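Got some structures for you, see below.
Each of the next two complexes has chain A plus one more chain, namely chain B in the first and chain C in the second.
Our next item is the complex of A and B:
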């Protein structure tokens, strides 16, 4: 059987547990031992934790349980909706010369992918394939950074893991062109998807990964993604994520990264659509002289709900981290930001910066923002700040007094606000793509 | 017809029981430069704000005719398009808004309103360079965000530069000389003098006479307690410098 309809007559947790039992023993993604041995532990842990409710502090403002409690279908074997290049054309990024991988419903579609020539030793493939072609890499890194001990949804993903994206950049190798993963949902049914990605940049490797999520469907979907990244010594990984799956798509997207000495990791997300979007971003700087950067931009409309939940773990000395999340919230949209910075005992000379700025454009839009600092070292500089406000009236008047209409002045002010995040995108084609998308959105606010 | 005609203008602050202007009358012909002087709190900046269209002020009585039309009916951007320009006392910093994009939009919106063709990017940059040269503005400033990190003097120079870019018919300078060092003061005055022309009127609001050493006004008005209490030529500014505002105040009180 290729799909399992979740039994909605029982509580949501039990639906998953029985689906797991029904399919237990089936080789869901090849025969990789490291992946399959975690599966049983994960479903047990999921059963213990249960789906998070608003009673948990970490989920206080995001009701994910009611999103999960819907009659989804859980696809368990590869589905191949027949799509051609015309179907994916609208989602390509102009002038982005990249190694392209297209994933449909969480599975790599080779016909639509165009990986091209990669440097020696670099692997860009599906995770399922990597499980058999590069078992040692998978063994070393899979399940090591996205801990499911306290995260029910990571446990659920780990229990049902099937496929996803895989990148391996060996030591000292530079991948000049970005690696572009286009994640598409194509379905008539309401679908629950659980892609799993693994990105490994070994010592001294340099790479850029761009992920874009879109949908070809109006069906209700819930995507529970887990991606793990490893950034070895002196390596540099940039990781971009565009979230634009449409108003009937919800997701929990867990991005967990671990860095080693002297490495730089930068992750930037831009969220344009989604019914409920929860990003769990976790970076652990497990080496000294690491630089960790995370940035996020949310451009809210209608009743979309976007929750960026971040964790910066400093467990070694002499590191720096920069975090900037910006929300522009229109209509009845909601933004949630929680940024935790943890500095362990002995992690001296840490420089951690965190900022969350929000423009709330209507009386029905809402922002909940909360910084959390947990610091056990005494020689550190940690700063955090949060601002919430409207477009500055004095600035608007200044622009209008120079002949700009009220509408143009507002759009310009919003663009200026978002620019600080957009400027952090190092790929020009992607930067222009995001800027254009943001401009279009802001123009639609005051149509 | 006068370029600007202010008749019996009474202004208060919206939603508050405060009156700031108590019957201002002023007529400004095109080509003329008027200076309004007055102590702090006399209402001169409020007059500038009302002319530019700030919404927090409420016109209680009187009218303002600009080119014979009712100026008060126009939105701030419509005033700009019609050729009214206010050099701000406190120019706003706009991080993330590039000078070039901002000025291009501004210039093209007033050009469109005047029935002129929009300037393309190359023509615009050429025009901007010419005007920056003419105003002695450091061209590097045009590559930055509007006023962001500009010194006080650079901000004021930038206001005069924008004046040169937008070529208004009526330029109002609200305490543009305040806080300037001598070089910046001369630079601003020099810019204004270059921009004086037969088809442009200036209204310069200032606390001190000093800028009028460099910009010679055709008319000088003294504003006190929301009214123009005395009008004269450039010599009036010198008298004020010598005797202070108390002298006018006593005279005004005696006349009342």
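Our next item is the complex of A and C:
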């Protein structure tokens, strides 16, 4: 396998810049032209921006530079660990009848995938493959929604893009079964991975995408994912993400979506493990009568650090957005939430709701929350709320008076708290899967 | 908003700032620019003890260091030209006098100035129950009811006098809440501060009347840098109010004050502000840059500090009156109405730092924005690891009057304690058509209806003001609304 060991004797930024110089034109080529042409701009912008530090307002509570400053190896050609279906079995979701794609270290593994029959014109493949089979779709949408102007890590991803997932649902097409991407990290080395995904739902298309991230290794990994979604007029895209890569994996996961008139986009993340997890979720409602929903659930344990950073951009009138993030923080875990609702001048009749609720269960758990509103139009109803507290003693007392043990009562209370997010999952099998995992986690809190 | 309403309000928009006149009085001014010599000059003019001069110089050197290394606080949601620190006068004494022994020495022009502002300085004419310290440019011209306060042991005098008469008190507390290293403007203020008020309420005393300071900028090309320090001993109570106005000028003038409050156990300080500095003309020229550092510390157990502010003036306002809740069971409150119209910009809010056990804080912020103004709430609620039982409630509502203004909310919540309960909520909306309809249907005209609704929106805050000022505040808000374009 072709890899580049990052030179740890120099500044982290320079490691990437020299790795880029060494590999540009060789290992990094061979993909689509529209992907290649952004590389140089992206690495230049990365060099200017540098790796974010705590001095940047957007990274105030998450120290990503120390996570990136480790002796990772950068894989540049497909790595093919020999895995069989038994290896992936533990990560499949019971009763989820889906078009399944398995990605190992950011590369589609066709042997393990089971895409099955897709409706006419629908494409589920690797991004690299789409670069040659559907260059026009890639050209039209790639790099258009995840802006790297202010995001160093998006720039870094754009410079080193090799592969990732690709979904294309043509106009008026409904994909009945969900499309399931299982992302696995399988490595003995400390790897730095940068997968890149592109999901396109054209006008009137309906699709549901489920992504699950897991790891087969204990090696330290850093995954810098960027996924871009396009939701055309009257289209409806549901996008689910389960983050469970284990305690030695860190990641920055950027989800950028653009919506057109009358479309609906829903994205839900559930974070179970990870050393440092940062989610950048950006939705731009670039059309009238859009509905945008984002939800997130964090069930913290040990010293995991989870930062949900969201941006809702209302740049057209008559739209609505709903945002709900819930954190349950146990042990020494840290939760960070920063949500911004932006309403541009002239974007009238916007309804925007944003809520962040946190339960802090221990003395060493911490929460930093910053729900922001930036509004430049008057005929709007925008609100945000944030609460931080603990399990309500009176409710606990009530449950105990009904005969529940203290442990059972607490677990039930936490489940009720988390359920508000879980309820938003429209796929029954996935909802049950998440609810069960959450219940197991809560039980472990009071073992 | 309906067309007729818009038309009506547009017609009203030409109404001018009421306090925009200038008193033509000779004034002694420091030369333009800032240097160690200027700092020494100010200190000398104020006849200050050596330690204070040294403290000023230390602050000046820190300021210089910040400026030289390019540090400027530009993180707020504000867009304005940085003040030219080298082209400003840092001291202006009306009538060339840095201090007045008694009211008889104060020239008639100055007395008339304050009378015209509705602040008569002769005690027989003054509002009973309110003692006033009147500050014009860099000098305190008079303090009323000093005698009556002295009977109770309350010290209420200009900062300059206090530094001479009570050096031990001033020295102990000056910079203890807002050190000169706090930020650029705190450093600048510490170097060049002129008169403000000093209040000291001894143990167990409830101050018999409201204390008030009225600040007036008169001279052109100057800034005002007052410093206020309020100390309450155990069991004491004081209610303090500041008001301010300035003439209309094409240039921007800087107001960079520092206010420090120290509340010992079982004591309470209630600090109210009605800020009505000149906001600039309708094209956004001129106006005051109001860049202020205000902070209080609840040092003792069961102490309480309450900030109430009505911000209607200034071209640019940046201030975050804060409370450090160090004592157990201490209480911090922040009630604010910020009204911006025309080209005004405000970035204001509070910081509540919970350190002691069972501390409580309440934040109620109402932002109203009209024309092309920008109004931001920015606040921090921080609960330290040992602040068991901390409780916070925050509510930040914004109201938008017109399609071209902006309202923004940036609340920060940092909690390191599982027993903390923090609630924050914020809403942004316009005056409801249904509310207007209801008012019309009850026979109220456009303007009356708008006034009623906006006053209702602000009621939670206005009711916190001392009675005499609640009326003034309501009137001020009404006048502001008359000038706002729907």
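By definition in this document, the second predicted complex is superposed on the first by the 443 of 447 C-alpha atoms of A that agree within 3 Å, B and C clash if a C-alpha of one lies under 4 Å from a C-alpha of the other, contacts with A are read in each partner's own complex, and residues count from 1 in each chain.
One rule holds in what follows: contacts are C-beta pairs under 8 Å (C-beta built on N, C-alpha and C of every residue); 3 or more make two chains touch, one makes a residue touch a chain.
This structure is a prediction, so every number in the text was calculated from the model and none was measured.
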{"item": "Three-chain arrangement built on chain A, chain B and chain C clash or fit", "value": "fit"}
{"item": "Chain A-centred angle between chain C and chain B, computed on Cα centres after superposition, in steps of 10 °", "value": "70"}
{"item": "Chain B versus chain C as contact partner of A:384, first or second or both or neither", "value": "second"}
{"item": "Which superposed partner A:446 touches (first chain B, second chain C, both, neither)", "value": "neither"}
{"item": "Chain B versus chain C as contact partner of A:57, first or second or both or neither", "value": "second"}
{"item": "First, second, both or neither for A:375, with chain B first and chain C second", "value": "second"}
{"item": "Contacts of A:360 with chain B and chain C, given as first, second, both or neither", "value": "second"}
{"item": "Residue contacts on chain A - larger count, chain B or chain C", "value": "C"}
{"item": "Contacts of A:346 with chain B and chain C, given as first, second, both or neither", "value": "second"}
{"item": "First, second, both or neither for A:417, with chain B first and chain C second", "value": "first"}
{"item": "Touching partner for A:289 - first (chain B), second (chain C), both, neither", "value": "neither"}
{"item": "Chain B and chain C, minimum CA distance [Å, superposed model]", "value": "14"}
{"item": "On chain A, positions contacted by chain B and by chain C", "value": "none"}
{"item": "Chain C-facing residues of chain A, complex", "value": "57, 345-346, 348, 358, 360-363, 365-390"}
{"item": "Of chain A, residues touching chain B in the complex", "value": "392, 394-395, 397-406, 408-409, 412-413, 415-420"}
{"item": "Touching residues (chain side chain C, partner chain A) in the complex", "value": "75, 77, 385, 398, 400-430"}
{"item": "Complex interface listing, chain B residues touching chain A", "value": "52-55, 75-77, 79-81, 85-86, 88, 91-92, 94-97, 101-102, 105-106, 109-110, 113, 145, 162, 166"}
